[in-house]
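One structure follows; several queries about it will come next.
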Amino acid sequence: MAVPAAKQRLSVPFDYDKYLRPGKLPHIWCPGCGHGIVLKSLLRAIDKIGWEKDNLCMVSGIGCSSRTTGYVDCNTVHSLHGRAFAFATGIKFSKPELNTIVISGDGDAMAIGGNHFIHLCRRNIDITVLVYSNAIYGMTGGQYSPTTPAGSYATTSRYGNIEPPFDPCEMAKAAGATFVARSTAYHTKELEKILLQALEHKGTSVVDIIDSCPIYYGRMNKFKSASHMMNGLEKDGTITVAQAAKLTPEEIGGRQLRGILHQAERPEYCENYDNIIVKQATATKGA
Amino acid sequence: MAVPAAKQRLSVPFDYDKYLRPGKLPHIWCPGCGHGIVLKSLLRAIDKIGWEKDNLCMVSGIGCSSRTTGYVDCNTVHSLHGRAFAFATGIKFSKPELNTIVISGDGDAMAIGGNHFIHLCRRNIDITVLVYSNAIYGMTGGQYSPTTPAGSYATTSRYGNIEPPFDPCEMAKAAGATFVARSTAYHTKELEKILLQALEHKGTSVVDIIDSCPIYYGRMNKFKSASHMMNGLEKDGTITVAQAAKLTPEEIGGRQLRGILHQAERPEYCENYDNIIVKQATATKGA
Amino acid sequence: MGGRYEIRFSGSGGQGMILAGIVMAEAASIFGDKNAVQSQSYGPESRGGASKAEVIISSDPIDYPKATAIDCMLALTQQACSKYYKDIKDDGMLIIDSDEVKEVPTGAFKIISLPILETARKDLGKIIVANIISLGVMTELTGIVSNEAMENAVLSRVPKPFLELNKKALQKGFSMAREQK
Amino acid sequence: MGGRYEIRFSGSGGQGMILAGIVMAEAASIFGDKNAVQSQSYGPESRGGASKAEVIISSDPIDYPKATAIDCMLALTQQACSKYYKDIKDDGMLIIDSDEVKEVPTGAFKIISLPILETARKDLGKIIVANIISLGVMTELTGIVSNEAMENAVLSRVPKPFLELNKKALQKGFSMAREQK
Amino acid sequence: MPNSKKKLLQGNEACVEGALYAGCDFFGGYPITPSTEIAEILSVRLPQRGGKFIQMEDEIASLGAVIGAALAGRKALTATSGPGFSLKQECLGYACIAEVPCVIINVMRGGPSTGYPTGPSQSDIMQAKWGTHGDHPAVALTPASVQEILTETVRAFNLSEKYRTPVIVLYDEIIGHMREPITIPEPGELEVINRAKPECAKEDYLPYDENYLVAPLAPFGEGYRYHVTGLNHKADGFPVNDSEIIRENNERIMRKIDENIEDIEKNEEVFLDDAEIGIFTVGSTARSARFAVNALRKEGIKAGLLRPLTIWPFPDKAVKKMADQVKFIVVPELNLGQMIGEVQRVGNGACEVLGINRVDGESIHPTQIIDLIKKHK
Amino acid sequence: MPNSKKKLLQGNEACVEGALYAGCDFFGGYPITPSTEIAEILSVRLPQRGGKFIQMEDEIASLGAVIGAALAGRKALTATSGPGFSLKQECLGYACIAEVPCVIINVMRGGPSTGYPTGPSQSDIMQAKWGTHGDHPAVALTPASVQEILTETVRAFNLSEKYRTPVIVLYDEIIGHMREPITIPEPGELEVINRAKPECAKEDYLPYDENYLVAPLAPFGEGYRYHVTGLNHKADGFPVNDSEIIRENNERIMRKIDENIEDIEKNEEVFLDDAEIGIFTVGSTARSARFAVNALRKEGIKAGLLRPLTIWPFPDKAVKKMADQVKFIVVPELNLGQMIGEVQRVGNGACEVLGINRVDGESIHPTQIIDLIKKHK
Amino acid sequence: MAEAEKKLPRIEIDAVRCKGCSICVDFCPTKVLIMKGTIVAVDNLAACTRCQLCDLRCPDFAIRVFD
Amino acid sequence: MAEAEKKLPRIEIDAVRCKGCSICVDFCPTKVLIMKGTIVAVDNLAACTRCQLCDLRCPDFAIRVFD
């Protein structure tokens, strides 16, 4: 994965401060936590798409991941555990001109928030959802989550997790999201690109982002360091859709697919409301 | 769909009373409501599989469909709206020897109960779920549900529903259910057969059953009678997997597939718990 | 309870008794110059079973919205009649459907038995207008609202295509009742 | 507050100050014959930032479980020291890490500065045992529990492979403190 | 000929009229008997005027969406009944601490649990104050007629906007489903309050500025970028760990209500001036009580009624005054004793307090009140 | 050498010991600070003894699963804190009306909403009584030490099994997270109650037999086939529409608690006999109060403490007695005034009642109590 | 055999349970049944093939066909 | 150009933000960085290719590489 230096050379590093609230760093995340890496990719994607901060709204639930909203200098809501999807629906539907992003964790989105997550996808409301998937409840100290791999250790699965995990991308797709993708914190430039596409997409876009909780998941599952974890789970544990296309299922093994996994065109919810209902209502009135 | 008389001839009609609580009929369902037809298919399937009533447990949520549990002479719980899946999980996990069935409506399972529904499927706990899918909230008087087709009329979508529907089978499959099927109240013998297979299946089985609410959905969507609705939605609106295999997508059109849509083998939750945890625990203790 | 007049319409779920109550209340309070409160009750299923609608009419403000002593009750089914007749005043009146209510309750009140459902079905061809006939009967027999106010109230609630049918039903009610007087 | 002896361990999230508090309480109440209550507090993140653990030791039953006037406090970081030193009694004692705590608070209490973290890193090769060294220091300086009780308490909490390391760390703490006396 | 300004409306219909009059332009809800009509009617009416209607997947999401909508600047409403009200409690606490204006209608039915869905009750009154965890301000209004449902819904929006706090409107199924002729007020006839918007420079905006008891609330998307959280926070909205600030913030959200109790309180008094016997109640039972008072007065018995239209904050002063004046107070309620505890607390022994309770799905009959008073007199 | 019977345990660890002692064999929960340790430890301990542990998808499902497990015959537990307790309210009402025994631990943290997750509070006390809609019985226990968390958890299971009702154990984060040496009782040392099972013929079984105040509960799968619903129901468990039965059933579930208040009530009294000044409080603040009483007595001030271990049903009699005896009562609480309202209600004017309140994440210091008493004396 | 074949089936209708939805009438392949007021009635028993479809689709457990 | 090529990059490390996770160290392709106590330090500036990987993967906004 070494990057040819000449090609990548940038004269000036990206200025994250433009999008960060002054005086809030260092953030609360533990040393080596992947959440910060994800946030940086997101900020670069936002910069690329050129959204004004005044018209940007970020909504999160509760969890380490959900603390993201506190750092970004825009309209931010740190809502309730699992409910960011509902809060965001209210905001976006009220003001469709607000570019709206939901930040969630695997626990927030797939455990307590599962229902709101799938209903957001079903409505295909124009919101981009980031799931920071570290396969653990970080904030509460390392219990297994609905994405923790079977057999893994957590503070509530000391004998190895017996629960089969969800695939958030499969769920999003089945529920009706029209853009579904996966990347990792390790693949930071790829992630940026995918996030940009997700932001550009009209309708519900979901990006499942594998990142690492070295403090709980890492320690309990014998990863020696954050980078050891990133190598193991994010780099070696995943494969791009393009690469996978050339391999047999056996060769792919347990690796998770990266890239855009599903894309479709369907009417967007707010537009639907405006087009169909308001028109009909006017018609009804006139009649 | 006329049935050759000679073949079908039965000397004695099925004795439903064996499974019904005495003195509870007539039931509360409206004239022509499909829920009664579904219940009959279920009782015949239970009879075929030969489960003892003492070892049978049926759990429902809240809704017209969920009233089913009141009529069946076994261990029954009419729980809370959307929560039957959680109640049933507690029961089954506590006493795996109880054959456990969840009865739910499209609102109960796919709206408020969506999260519990998908988590039940994920765990692959050995429970059979029946979703009585009438595309409406019957009990509360006809509001649209997450399975109401776009464009349909309901008391909260007087201008035509703008919300895209869920496909409960897709959701169940994505979530991890290991037996997923669909049938209709109209196809009462087929339904019985599918239900029997669902009951026989080890792991979470989900059967999406299209049935009719002539009182609300029917009236608001200009169906002249219960049978008119059954013909339109259940008979003409669906097609078997086998039939569909011979047709192009265009020929299939908007028709929903009937039959077994997904089947897989995966460890069952209660067995997992017993095998893995208890063993490990003993090992740990011995160490 | 000066000036308080209490009416109850009862029948089964789909018979439009609640609409009858609403129209009666509108006849009194919107198309007439009295106060009116209409209320209803139904079983936990919110449909099916016996249902009742009550209207309190008074020249004074109406506090208690439910029946205390009924001046006039109408029952289209046996179940409704048996369940609800007990609150009728001694000098009150009970109007029953002559085909449906076979076990006629006993009491000091006056009982009037009329083939309301049969008339709806046979004479008007639509069972659905039984409630409008009921309103005609009730208006004529109680005199608590004027026939004109009632007609206005009915017509304001009915969709155009059914105006004639309902007008006829109401008149039928008036005349059926007149014959009873 | 007869017989009540109040101890506070403070440092940053990962330094094992809570474990130190627990071991101190066990030394007093399980391996000694006193009563003890151990409590802690941390920020809303339940990790990171300054953390403190308190132990109240007494021959009497202990009602109020939090510090009222601290007899001895230990601080491994500047942040913890500055945030928590205020409750130390006039005749109390403050033990600080000599490398980490540069802004030494002023007060009537006695201040003892020791290179606890450096000792852990250099002499014992494991920064993680700084809390055990701290326990040794605290035991020796306060005398509130016996060295033997403390050793038993430490050893009962430590997994087998680390017994020796921790024994050494504790002894190091004892000896560092003895030199201060 | 019809009185064109009068309309015979159902309680729930009047609620819709009140909401629209107050400028409600967002509804998020989930159907439940006996509140469903509110959603059904708004699903038709809101789009006609550019408002937004959304049926959410459950009651939690409904209030979540309402809070989101309110932050985006809308006047947002949800409506529910018992089980749904229980589910909304977590979000309700969020609206309290984050100081988000919104209105919640609870049409009370028989409980507990699924209970008696079509039967009336007044058994969520204490829940309206104590239902969510943690100390929080509670404002709850209790209309007793169809007309009042309209006016109190307007007042609910006004109080909510003025004090940046969720306001609950509680009425029982009887009031919700009964019909009365009412007059829909002309525009301008009733006061309509809109939330204060910040006037400071955008950089200086503090959503929880401690210089205000109630700081102005900027709608999202107008350049005042800020943070909202359910954690204890400081003036700028960011989570805080400082006990002084936590205390101040927790106390302020209570104080903004307590210190404005006179603005929020509203009572009807019937023959209370010279009353020797007091009745305290709300909603449909207050109508029974008014009936009873009138009947008793005719017999020369000096009964009087104190009927709060604001049940929370509790009308301590008015109750205390009544307790000091009368021989005893009767508290009829469609529950097993809720408001009576508050009357006892406030009465503080000044007079006897007697309850009349009913939980069988029927209303309290005026004669129950009359008989008790005559017997006890 | 160690005292082998004594162990230094955290409050939450003691809760687990208590639950296991009582025979708890099912836990369904969802992690939340500061209650999470209970789930974590039970996930290890339960499987070791054939018990079932399940981490559900949220708090609603947790209590739902617990109710299901209880119907299947298990002694089932869930544990949570503020936000989770709010979410459990709907299921709690179900357990009340369907009369399903189960135990709910609420380790109280700062509220409202997400509030102050790691800070202690006592601000869910009123919610424990009024949090769910509809009238319902409330039984809530308030231990104040690690040892008591163990014994009160056992008592919670006992009361729950005996009265077929959910029992709540409320303790603040201080008690939950502090460690004290405790003794784990030997088997047989504490009473353990198991639910009564029916003895009648299987066909005759009525799960809500009105001939009992608390009918025996048959576990599913043992041949007693019956129906359970959250709707108002009759003796056989089926929904009912008859107002007489609805009333009787709603009143009975309250009565089974009210009539057994002496069995359920439990108070500690410290120097109350001759007290001239009373203190009323629970949990960690009761420890501050005990400290204060001892200190005051040393100065010759006759203070006394009434500390309920059963806060719901409220110890009316004991409070009344104290109110009649003392000059004033101080009610310290880690909230903005909850129990104080009850003390006032019951005291009924017999003496003055003063609050000490703290909502900043810190405990109430004994000197706060001492100073107030000295000043007010 | 021919004898047995001629034996007419017995159709039992439970008047209390039947809600008159007319599903059995509409789906009877041989038009055996008709609506009579609000409940179903047998109109042409001879045509009955004993196919049981009326029973299978009756939502109300109200109609049964015996050999 | 040869001149410019030789100019060394400037690596800025924010000591307050850096939490010493060593991600930048472990992933630097040319081993420019090392851990020094609990924060990162530059060890071999000359080897730096300005690839920015250290910045991209630093979770703490703590390291920046200027031309």
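As written, the chain order gives the labels A, B, C, D, E, F, G and H, with residue 1 at the start of each chain.
We adopt the following convention: contacts are C-beta pairs under 8 Å (C-beta built on N, C-alpha and C of every residue); 3 or more make two chains touch, one makes a residue touch a chain.
Quick caveat: nothing in here was measured; it's all calculated off a predicted structure.
Traced through touching neighbours, the fewest hops from chain F to chain G number 2. The chain pair sharing the most C-beta contacts is E-F. Rounded to whole angstrom, the centroid-to-centroid distance between chain D and chain G, based on C-alpha atoms, equals 87 Å.
Averaged C-alpha coordinates give centres for chain D and chain E that are 53 Å from one another. Centroid to centroid, with C-alpha atoms defining each point, chain E and chain F lie 30 Å apart. For chain F, residues that reach two or more other chains under the stated contact definition are 33, 44, 47, 57-58, 60, 83, 90, 94, 113-114, 116-117, 119, 229-232, 239. Counting partners per residue, chain B has 30, 62, 80, 112, 114-115, 119, 139-141, 146, 159, 163, 273, 277, 280-281, 284 as the residues that reach two or more other chains. Residues of chain D in contact with two or more other chains: 43-46. Interface residues of chain F facing chain B in the complex, by the touch rule stated above, are 26, 28, 44, 47-48, 50, 52, 54, 56-58, 60-62, 64-74, 76, 90-91, 94, 219-223, 225-231, 238-239.
Contact residues on chain B toward chain F in their complex (touch as defined above): 21, 24, 53-55, 57, 59, 62, 69-70, 73-80, 83, 85-95, 97-98, 115-116, 119, 273, 277-278, 280-282, 284-285. On chain A, the positions that touch chain B within their shared complex are 112-115, 118-119, 122-124, 146, 159-160, 162-167, 170-171, 173-176, 266-267, 269, 272-273, 276-277, 280-281, 284.
Of all residues in chain E, only 1-3, 6-8, 33, 116-119, 174, 177-181, 284, 287-288, 290-291, 294, 363, 365-367 touch chain C in the complex they form. The touching residues of chain H, counted against chain A in their complex, run 16-17, 19-23, 26-27, 29, 49-53, 55-61, 64-67.
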